[in-house]
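There are two complexes below, and they share chain A, which is joined by chain B in the first and by chain C in the second.
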Partner chain A sequence: MKTSKFIVKYFDLIRIISAVIIGFLLALVFLFFVSDDPLNAIKTFILGPFASKRRFFNVIELAIPLLFTSLGMCFMLKVGEFNLIVEGGFMLSGAVVAWLASTALPPGIPPVIFPALLIVVGALVGMACGLIPALLNIKWKANVVVVTIMLNYVLTFASTYILRYWMRDTSVTYLGSHKLAQNAKLHTLLRGTDLHTGIFIAIAAVLFTWWFLNRTTKGFEIRVTGNNRSFAKYVGINVASSMLLAQMIGGALAGVGGAVEILGKYDRFLWVNQTGYGFTGLMISVLALNQPAAIPFVALLFAYLQIGANIVGTTTDVPSEFVMVIQAIIILLVAATLFMESLRKRAVIKLSKVEGEVK
Partner chain B sequence: MLEQFLTLDYLIAFLISVIRMSTPLIFCALGALIASHAGTINMALEGIMLMASLIAVVFSALTQSVIGGIAGALLGGLIISLLFVYLHLYKQSDLIITGLALNTFASGGTVYLLFLLTGDKGTSRLLQSLSVPNWHIPIIKDIPILGKILSGHNALTYIAFIAVFLTYILVFRSRLGLRIRAVGFNPNAAASVGISVKKIKLQAFLLSGLFASLGGAFMSMGYLSYFARDMMAGRGYIGIAATTLANGQSFGTLLASLGFGAANAASITLATLNLKADLVAMIPYLATVIGLVIVSARKLAKARKKGQVTD
Partner chain C sequence: MVQMEEQILLMDNITVIYPNGFAANKNVRLACNRGSIHALLGENGAGKTTLMKVLFGSITPTEGQIYLKGKPIQFRDSLDAIQHGVGMVHQHFMLVDELTVAENLVLGMEPKKRGLFDFDAAVKITDEIAKKYNFEIDARAIVGDCSVAVKQKLEILKALLRGAEILILDEPTAVLTPQEISELFVELKKLRDMNHTIVFISHKLNEVKSLCDSFTILRNGQVVDVGRIDDFTEQELSNLMVGRQVSFEISKDAPKSEGRELLRVQNLHYTNYEGKQLLKDVSFSLTDGRILGVAGVEGNGQNELSEIITGLRRFSKGDITIDGSSIKNRTVRQIRRLGVGSISEDRMTYGCAPNMSVRDNIIADRYFTGKYSKGIRLDIKAIQKDTNALIKQFDVACPSPDSMAGMLSGGNIQKIIAAREFSSDSKIIIANQPTRGIDVGSSEFIHSQLIKMTREKGASVLLISADLNELIKLSDSIIVMYNGEITAYFEDASKVTDVELGEYMLGVKKMSTEEIGRALQQ
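Up next is the complex of A and B:
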């Protein structure tokens, strides 16, 4: 009786945790097959991220960009649009901000003002990125998924164009920008780690997303629009404007993320490929069931998996890409509505039987 | 600089390149076409093609036969397709999330498998894999200019063009095609006359995956002679766009694929001219977006005229 009640009440949580556990076990199986020294690889994967202060903070540092992209995706999914521009917006914002900080703006702008200004620019770049596919969709019904995936490639090449022709430092052998101005960078918080003040901005973004979606009228309209567009129209919500607003904010969050990541972790702009943070953000948001309050935990989990895989990749020669498979499997399980459905059904039947006997 | 473009040799080389670049897009777009007639969208095509191209290389190296390689491609594509079908049709998964997750799955999975089999994380050059041979068409190859352009392509390229006819017959002239379109047009009506919607969708998805798999085979056994990680570079999505552009018509899909192939070939030709490579590389993707917007806008205008859309 008690367990049945528990199962029905916390079914979503049980499903997610089971999916994560299955994914984790599969990760161990994968490592087991590919490694010459499987036990060591497994140990490195699980305990590696906790082995030193630097690695532990690597997890938190990685969670920062993931938080921004997953919060951005959360806005997109809340309004019911698969706007994947978060990926490209993140990268282009990073490129524009890096260009401003390394080449275009004078390095003498005072410390706090400089990064604040750049982050605002990043937000605007991201917002514009989110706006374009939203407009194309609202005005002409162009398929958002395909359009944004294509635009992500366009934005990636735009970023590498900025890198190559606007800010390349030809005195270094690799493809990289000039050094970012010291005043533009976000401060490192802890000696011996790269943890930077961007984490406060990330936490603020979580609080903002939670507040906006759950406590404001606009946020409510966004959620209603996402749940049932016809109903939203019927009760007088301006569907087009809430779709536009959600996707602009989503893009802006990605843009802030790109700016924060560049200013917090890099000396030069070095991205020549898509970062993948946007797609990881989508997975995080899905796994968190689009609940802003749950996103930080899932972001930390994904960061932990990724850092563990990276350590395995650098120390044991097993390719770190196996973690993509794990992440995908976890998402596939969670997205499968009927995954573990029989467990819930059995619990519901048991409960109703008991209730029937009491009466 | 521009004069080099206008010479005949350049034009011929360009057209050959267009046909070559279009081949994987045609296969993939035909896959997308079948799924679209069943009223769904096969978001996993990118992953299906990627897995197909890896397994093609592995099987052709193992069996030392081209047919073995093609069979491997079909098998590789089928693995992802079956996962997709199972999760979507039998576990009620979201179409887009599942498709995208499967693409991630294939992207990471191929690198993992590649490492497991060869110890390399980038390409399969260590495997002694085969390529699909080029076909020289008897009479056509002797026609002066046309022969150069049309003959001597990879066998899969010709199969791609034949496949356009096959899908036309399959979708518009066969029993199965009629059922697929019925399910896509109105699933409830189809179910009411005794068609199993799930079964038809399943068949449509598997067929869709098989066509796309051949595109995957072309990438690693024709376009290149080995597998390289993430070698699809968005072709799976461009294929979906091509079908959308053509509004599900098979010959229109062929034309749209050739158009994207031309954009692709142009970006490669222009890149050799020392133009700004990053801008040139955008061409195919930008062309897709612009094409999609134009077609969607026209469709919407038509629907408005008929009064089907009121807002």
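Up next is the complex of A and C:
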């Protein structure tokens, strides 16, 4: 009786934790097959991220961009649009900000003002990116998924164009921009790590997202619109404007993420391919059931998995890509809505029978 | 007469528990004899439809066994059920509107000639089977142009053509006029005499009394009584169904109208984007403190009318004024601000956000007002205080104000809607099928609230309903809509009978322009 009640109440949480555990176990099985020294690989994978201060903070550093993209996705999904522009918006914002910080703007702008300005620019770039698919969708009913998948390529190539033709440093042998102005960069917080002040912006973004969605009239409109569009119209909510707003904010968060990542972790702009942070952000938001309060935990989990995999990739005979196996399995299990449904059903049946007898 | 009492169908000890924990059927037993009409009675939500879905193979029961002609059986799906001679006529017809009657009838078993569909043969099949069962139907008519009654006949013939011995009719009379109902009953009795078995699902007791032989009553998913219809009175049956003494009467005082015109619809025309004219020159007015009923077979413009008044659709010609101000080119929110509340006929689509909390659903039309927000910030304390009071006042049974609205029963969702629409100082309530599909207790509550709104608060109600009983008892005056036009206006609703309304609803009769013109105050 008590367990049944527990299962029904915390079913979502149980389901996700089970998915994570199963994903882990299967990945371990996988490691046994591909590695000559599986025990070492497993140990490195699980404990590696805690082995040194630098590695531990690597996890937190990686969580920062993931937080921005997943919060951006959270806005998209809350309004019911599968807008994947956070991927391209993140990258283009990084490129524009890098160009401004390395080439276009004078390096003498004072420290705090310079990065603040650049982050605002990043937000605007992201916002514009989010606006395009939203407008196409509202005005001409263009499918947001298709538009954003294609548009992401456009934004990726636009970014490499900026890199190649506007800010390339020909004095280095690899493809990279000029050095970013020192004043533009975000400060490192801890000696011996790359943890930068961007973490505070990320935390602020989490709080903002929670507050905006749950405590403002505009957030309320976004939630109603995402939940039931016909109902939103019927109570007099301007559906088109809340769709636009949500996708603009979602894009803006991705844009801030791109700017913070470049200014916090890089000396030069080096991205030539999609970063993948947008799609990981999607996974995080889905796994967190679009709850802003749950997103930091899931983002940390994903960062931990990725860092563990990177360490495995550099120190053992297993390529780091195996972490994709875990991520894929977890998402598969969470997305499969009937996964563990029989457990819940049994609990529900038990409960309703007991209740029936009481009556 | 029934020659021998042969039990053709037995559903034994059926229990169904839905994934959300709702036990729709608890140890239900249903037995039917060959050549009889068996009534399955119960309120909305008593578990009738669930039981029939089990029989028809769309739901696998948690426990229990079905016996057909004495043999245990479990249908895999509806196709399987049809092959075993069980046919079902759903509330929502499964027909292709673009095809003819004959084509719909033979769908899936088309007669062929040289590998091609043989339309003439299909017509012949239709005429033959219609003659055999004494149904009148035009085989060459396009289904989309047919009346609801014809579509229903077609559905019954479809089942019969496929060899149905047991015919399940799920609330077949809900969409019919009194005239069509009596015609249907003659045909059903004929079917019974031809040794078919009919399970008749309904909660309209007068119909059951005149048609059925035996009955099973469900309440809260359990069988409360089984017996022969003749041994019980209507009142006894209804008490069994609801579980307490029910009064069929709705008590209301005479309207206290000051004669202030709150809603005026004048020469309203509406043409949809396909160019079909759905409202033609509709004019009427509604003064304070009164309930105006709108009768009509569904799809004769009532939905369009309610959506236009609430601003969800734009009208093409004419004008609508709310308490003196025109609603032309106003948004839904502006119209609501003028004092229009509305209950939509489709609760789950327009009435609520199922995955949001009860609280959010109640404030969805007022969260932006100064009372509940400062700037863009929501005042959660004020919201909590007022919604808690409304949940209590409107008697919404929910585990907590944070529970998701979609988890509640239809009646409770309707109460949430009432809590929102009746509490916002509305001057006009557009109530479109306000009690469809909800239990008797909740409907009584909604009725009393509608009366309270008009008698105590001086608001007006435009009541659109397919339930003629409800319409006649609640309304002060009634208009009838047929084919997008007003065809009748009755100043005093208490002097109208349902049969009389039926004649206008079917388009058999039409009042003169002067008589209809009285609906509009000069």
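Heads up, the rule we're going with is that the second predicted complex is superposed on the first by the 358 of 359 C-alpha atoms of A that agree within 3 Å, B and C clash if a C-alpha of one lies under 4 Å from a C-alpha of the other, contacts with A are read in each partner's own complex, and residues count from 1 in each chain.
Please note the rule applied: a residue touches a chain if its C-beta (ideal position, glycine included) is under 8 Å from a C-beta of that chain, and two chains touch if they have at least 3 such contacts.
The shown structure was predicted, so the numbers you read here are calculated from the model rather than taken from an experiment.
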Quick check for you: in the superposed arrangement, does A:215 touch first (chain B), second (chain C), both or neither? second
Which partner does A:131 contact after superposing on A: first (chain B), second (chain C), both, neither? neither
Thinking of the overlay built on chain A, is A:352 touched by chain B (first), by chain C (second), by both, or by neither? second
If we overlay the two complexes on their shared chain A, which of chain B and chain C does A:329 touch? Say first, second, both or neither. first
When the two structures are laid over each other on chain A, which of chain B and chain C touches more residues of chain A? B
Between chain B and chain C, whom does A:228 touch in the aligned arrangement: first, second, both, or neither? second
Once the structures are superposed on A, label A:236 by its partner contacts, choosing first (chain B), second (chain C), both or neither. second
Examine A:343 and indicate which partner it touches, taking first as chain B and second as chain C; both and neither are also allowed. neither
Footprint overlap on chain A, comparing chain B with chain C: 233
Any idea which chain A residues touch chain B in the complex? 30, 33-34, 82, 84, 136, 139-143, 145-147, 149-151, 153-154, 157-158, 160-161, 164-165, 233, 279, 282-283, 286, 318-319, 321-325, 327-329, 331-332, 335-339
Complex contact set, residues of chain B against chain A: 43, 83, 87, 90-94, 96-98, 100-102, 104-105, 107-109, 111-112, 115-116, 121, 233-234, 237-238, 240-241, 244, 276, 278-279, 281-282, 285-286, 288-289, 292-293, 296-297, 299-300, 311
Touch list for chain A against partner chain C, complex: 8, 215-218, 220, 223-224, 227-228, 230-238, 341, 344-345, 348-349, 351-353, 356
So, in the complex, the side of chain C touching chain A is made of residues 17, 19-23, 26, 62, 310-312, 331-336, 342, 344, 349-356, 360, 364-365, 367-368, 373, 376-378, 380
